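Order of writing sets the chain letters: A, B, C, D, E and F. Residues in each chain are counted from 1.
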Amino acid sequence: MRSDGRSPDQLRPLSIEPGFLAFADGSVLISLGRTRVICAATVEEKVPPWMRGRGSGWVTAEYAMLPQATPERNQREAVKGKLGGRTHEIQRLIGRALRAVVDLDKLGERSVVVDCDVIGADGGTRTASITGAWVALNLALRRHFDPEKKSAWPIVGQIAAVSVGIVGGTPVLDLPYDEDSTAEVDMNVAMTDAGGFVELQGTAEREPFSRAHLDALLGLADAGIRELFAAQRAALDRA
Amino acid sequence: MRSDGRSPDQLRPLSIEPGFLAFADGSVLISLGRTRVICAATVEEKVPPWMRGRGSGWVTAEYAMLPQATPERNQREAVKGKLGGRTHEIQRLIGRALRAVVDLDKLGERSVVVDCDVIGADGGTRTASITGAWVALNLALRRHFDPEKKSAWPIVGQIAAVSVGIVGGTPVLDLPYDEDSTAEVDMNVAMTDAGGFVELQGTAEREPFSRAHLDALLGLADAGIRELFAAQRAALDRA
Amino acid sequence: MRSDGRSPDQLRPLSIEPGFLAFADGSVLISLGRTRVICAATVEEKVPPWMRGRGSGWVTAEYAMLPQATPERNQREAVKGKLGGRTHEIQRLIGRALRAVVDLDKLGERSVVVDCDVIGADGGTRTASITGAWVALNLALRRHFDPEKKSAWPIVGQIAAVSVGIVGGTPVLDLPYDEDSTAEVDMNVAMTDAGGFVELQGTAEREPFSRAHLDALLGLADAGIRELFAAQRAALDRA
Amino acid sequence: MRSDGRSPDQLRPLSIEPGFLAFADGSVLISLGRTRVICAATVEEKVPPWMRGRGSGWVTAEYAMLPQATPERNQREAVKGKLGGRTHEIQRLIGRALRAVVDLDKLGERSVVVDCDVIGADGGTRTASITGAWVALNLALRRHFDPEKKSAWPIVGQIAAVSVGIVGGTPVLDLPYDEDSTAEVDMNVAMTDAGGFVELQGTAEREPFSRAHLDALLGLADAGIRELFAAQRAALDRA
Amino acid sequence: MRSDGRSPDQLRPLSIEPGFLAFADGSVLISLGRTRVICAATVEEKVPPWMRGRGSGWVTAEYAMLPQATPERNQREAVKGKLGGRTHEIQRLIGRALRAVVDLDKLGERSVVVDCDVIGADGGTRTASITGAWVALNLALRRHFDPEKKSAWPIVGQIAAVSVGIVGGTPVLDLPYDEDSTAEVDMNVAMTDAGGFVELQGTAEREPFSRAHLDALLGLADAGIRELFAAQRAALDRA
Amino acid sequence: MRSDGRSPDQLRPLSIEPGFLAFADGSVLISLGRTRVICAATVEEKVPPWMRGRGSGWVTAEYAMLPQATPERNQREAVKGKLGGRTHEIQRLIGRALRAVVDLDKLGERSVVVDCDVIGADGGTRTASITGAWVALNLALRRHFDPEKKSAWPIVGQIAAVSVGIVGGTPVLDLPYDEDSTAEVDMNVAMTDAGGFVELQGTAEREPFSRAHLDALLGLADAGIRELFAAQRAALDRA
């Protein structure tokens, strides 16, 4: 039994609320238990300098946390004057994951920036960001493309992500902070609806893990991500 | 008639939702039309170095905007690597306003940090921040002090703020962005429930203003702030 | 009686020395008692990127303090690696005040940068900067425009500024540092020679202030600024 | 057949030269083809502030590249004024990998800093850094601990890392830059001599990958890492 | 004949005005033609961390230029966010030169910071800074030590500096900017009143220079510096 | 007798190994005893903005030290977020020295960047950098120009540099760190093969130095630099 009463293969209570920000092209508030992230996507009619003239687009992400999203107030990176290593790592991860399901040529010379701002941080903020960002990306692109015109619609797949880990010897799905901080192994998995892996990042925090453990974790992730796919589609239908 | 149909002396639709963040000591989401600010207060058991050993406390504020809080996405200050002049000015203003109604000696050697994170920016974000911050400050201090013990309770007054300005020759209350950007005069007023001014910042954006105009603006502000006081108290009662 | 023997409505000894810097287009050394500021203006044949192509100009200000302008040596902002909040706030104020009396269309696509470098800081440096900057601005523009050709001369009014405050219950004019640091209310007022307000920034440092106090302070400021106007004109005549 | 004539399961020519820097506690120059990294380890008699007083130690890594380590000269991060996202990500990875095989309690209140400075960058610099860093770490700790006293020797396992990927549909080992830049999947694997995974970071650069692909890649990595283990031990024997 | 009518061995008009800043421990305004520098010295009752506990002191210098000290306005280093290479080089030079004539043990655990702020830059600002800084240093130390008590007075020699160079084939003394910018050789010389060199920095800007040229330049510098010594002493007598 | 057994006029063991980096246009590893510097030159088809359109080129240098190049690990400047004063000073020196022997017009609108990365720091790193950089510069330019076509070859002279100093009253050549840190006088000399001085930087670290000392130091430098010239030519012949 886990500290919050869930079974090992159970997600936390999940909601995806579309249209959370009044001014963004597309936005959601995604909640997984007390982990809450505002994901907002905006389409810009330009690409980074190194991409100009290719007729192709780009998708990038930024990630930040409100100072009071955590039990201990964390200092703003704007006050520190620079982005930390963890932030860099996470926003590169989110960007790569989204680009895996976007046909950049169909975007044309446009960029989509997806901002993931965490307002509640109870573990799994990077995977929740990917899951929410995919919905925000869809909402934003609907303003520029018609999703019914399949051949021109730039989103070529569905992507969602979840954390899995080994806690006290047991493989578990969707770790809140208290589990995450004591886990032996911590893994983030991003998958597409076609069943392929896009990102697989496993770290042995306390002791190396075996192939058998790896297999168990990938099984849990696969099932959890299918539930996330359903919630993403439901949110898009509601929007 | 104003662009959104209000009369010159009318506030935008106002709500103050307490407890918006799960982990902050005290927090609210304040909305004035499409202007929305998350205000969160945390009490820390330390003071800035220059205050140590005096037995007295401090209240400070930080202000930021989500990149997609505005119609045009604005760049994160953490990405720029520094806080801009406008941010500095606003957070100094919010901090001063709150300290005007706090008895710092009663705080003891504690700091309260109030974070004001704008998620919708349609004019008046700094005044909405002050109004919301006062509620968050109350909620946070309730965890450390008993508001019923009047002699020890550190908050000695109520403070709220509003913008007023002259638009097309007419003094108006609570300017949204479209009015603000064309106003001849822009003024922010922070007042206490005892009727005194704490901050008065008037700027002639297009042409100097007279004593008569000043009097009219102060009258509008006074009435608007009384409505804000009532909403603050109602939010505290609900929390 | 004030600590330096002045009456409540009396300015400190005032001088404005034109041509203080050999290489600037226009410059002055303004002294108000021990508060001394070098104001220097230069016209540049370019405008900020966001103004290009409009045929209109811009006026901006920078403010700094020598490390040893204060009794306690203050650290250089260049050494800290960034401008502080106070500096940002002051240079935005000076720029706004000057733009209020300049017809930016008449400037054409030119910028004027006014540097205000404090070499003695005994209170009122921001208001002395505005007063001195207006003279430096005139001197610099004389090199590019003929002040006799009224229709083309870009300066459309005279502006000066002064601090007022309430010290020990008494409204006083032009506060030196020792009064400023104990004042109940501190207010900066910038006015044009036509009698209108351009900036009004009042802060209750110790206790909120009433309408009656506001009226008294504005009266003092008005009289003091008239003396500053006379000194500005005399400096221009001498140059 | 690969562009450099290797078979899919073959490492590039490998050498580990101990004692490369005159002044470091322990250092090597590791070469895998044209990828060359100077790894240097130093023991410091202090720990980060958040670890003080626990009697336990820490291992951390820094990673950089000479500007002319790459065919196109890359700008120094010291000139840019900040570390990029990729650098942060890599040095966090190296540090985590090393800590997985160090008993931090046995270190006592000491830190080991391992600097990985790339002088030739032809793909796989982060994995070569881990492999070389483990040898440098051993050399440095030999100055403070006796490796023969097993119970006190802080290194509890051997770790090495390698890149694997899918290029043109074929799983391959140890990708040089030209393969890496066109690979469909790129994966870094760090393993211990006990056969467990410490880090597993797979990214679908061009298309998602299946479980079958994952299995093939892990097989290649496992065999390659065994060769690296042998070279590490040989370098230690020579030193 | 030089552009300003001087003979090759003649200094520009020289003045050293003591007590220029109201609040500094010791200050001067030194002028050499249009080159003008405010030098201000302050004694602080602390030393840098690496010197603590030795009972010895330190002397350091900072150097800056007002934006409008030059014919073309130069950008503030505080705005750029960092000190440039030239600034670092100059302030290290000034500090070293002053320390050469101070007995740091006699200072005790105190630091003297000398700020050299250029308000007119017409060549030779670094050498004028050294010459003025020595006077400011004396004035500041007089507040803490009695110059009549020779055995305890920390200043053990007099130092001054001047620029020399080869312009159009002729060795000349004290180059203004127009000569400096076309000189074949540029040299800065700092000497003590005992006749020894403290700093000698010669750079061939256009072509290498011979021993004969070096001898001629050192002769000019020696004579010029003797005049500077006299002016320094006269300023101290006046103060 | 010196601590390492050399006579006062003897260089440390010297080697210049061409082609040290696989990817640079031209590179060497220069060693003078334990002082070792990787010098790498790259030609870029562009010039700094202020030089554009003149048909002339530029040569610039960057200097850095590996953290573990010194007995005490030194912090990376990329981690500090800025280049220190010493770094700025050295890279300006190296750049000036190289430009003294390059005909910038013959370069055309091209830049050469020479990176000097110190991997062993035992005194004299800046002079070793100049000596090695000249060889790297030749190697890089050979890829773009034919050294046999004298009229078009941009390098018009040979330059090398060495340190000299006075240690315990004796003038000595090529100081290692232990001598350098106790020297009374420290001087860096850069000369061309035509016998002229390009840079002469002498600093009295402990006491001022006389003309006689200066003469002795210049004699030592002259002889040492002739040996360096021979080694440079030999390295070029080998390459």
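What we mean here is this: a contact is a pair of C-beta atoms (placed from the backbone, for glycine too) under 8 Å apart; a residue touches a chain by one contact, two chains touch by 3 or more.
Listed by chain with UniProt protein names: A, B, C, D, E, F = Ribonuclease PH.
Note that the coordinates shown come from a computational prediction; the quantities given were computed from them, not determined experimentally.
Visitor: Any chance you could name the chains that touch chain D (Ribonuclease PH) and chain F (Ribonuclease PH) both?
Guide: none
Visitor: Which chain's centre, taken as the mean of its Cα atoms, is farthest from the centre of chain A (Ribonuclease PH)?
Guide: The chain farthest from chain A (Ribonuclease PH), judged by C-alpha centres, is E.
Visitor: Using C-alpha centres only, name the chain that sits farthest from chain C (Ribonuclease PH).
Guide: Ranked by distance of C-alpha centres from chain C (Ribonuclease PH), the top chain is D.
Visitor: Please work out the Cα centroid separation of chain B (Ribonuclease PH) and chain E (Ribonuclease PH), and write it as a whole number of Å.
Guide: It comes to 51 Å between the two C-alpha centres.
Visitor: What whole-Å value do you get for the distance between chain B (Ribonuclease PH) and chain C (Ribonuclease PH) if each is reduced to the mean of its CA atoms?
Guide: 28
Visitor: Mark out which residues of chain C (Ribonuclease PH) touch at least two other chains, giving numbers and ranges.
Guide: Touching at least two other chains: 81-83.
Visitor: Output the ring sequence of chains, start chain D (Ribonuclease PH), direction chain F (Ribonuclease PH).
Guide: D, F, E, C, B, A
Visitor: List the residues on chain D (Ribonuclease PH) that touch chain F (Ribonuclease PH) in their complex, please.
Guide: 21-24, 27, 34, 36, 38, 40, 42, 44, 62, 64, 66-71, 73, 76-83, 87, 113, 115, 117, 119-122
Visitor: Provide the residue numbers of chain D (Ribonuclease PH) that touch chain A (Ribonuclease PH) in the complex, in ascending order.
Guide: 82-86, 88-89, 91-92, 96, 100, 157, 187, 191-192, 194-204, 207-211, 214, 218
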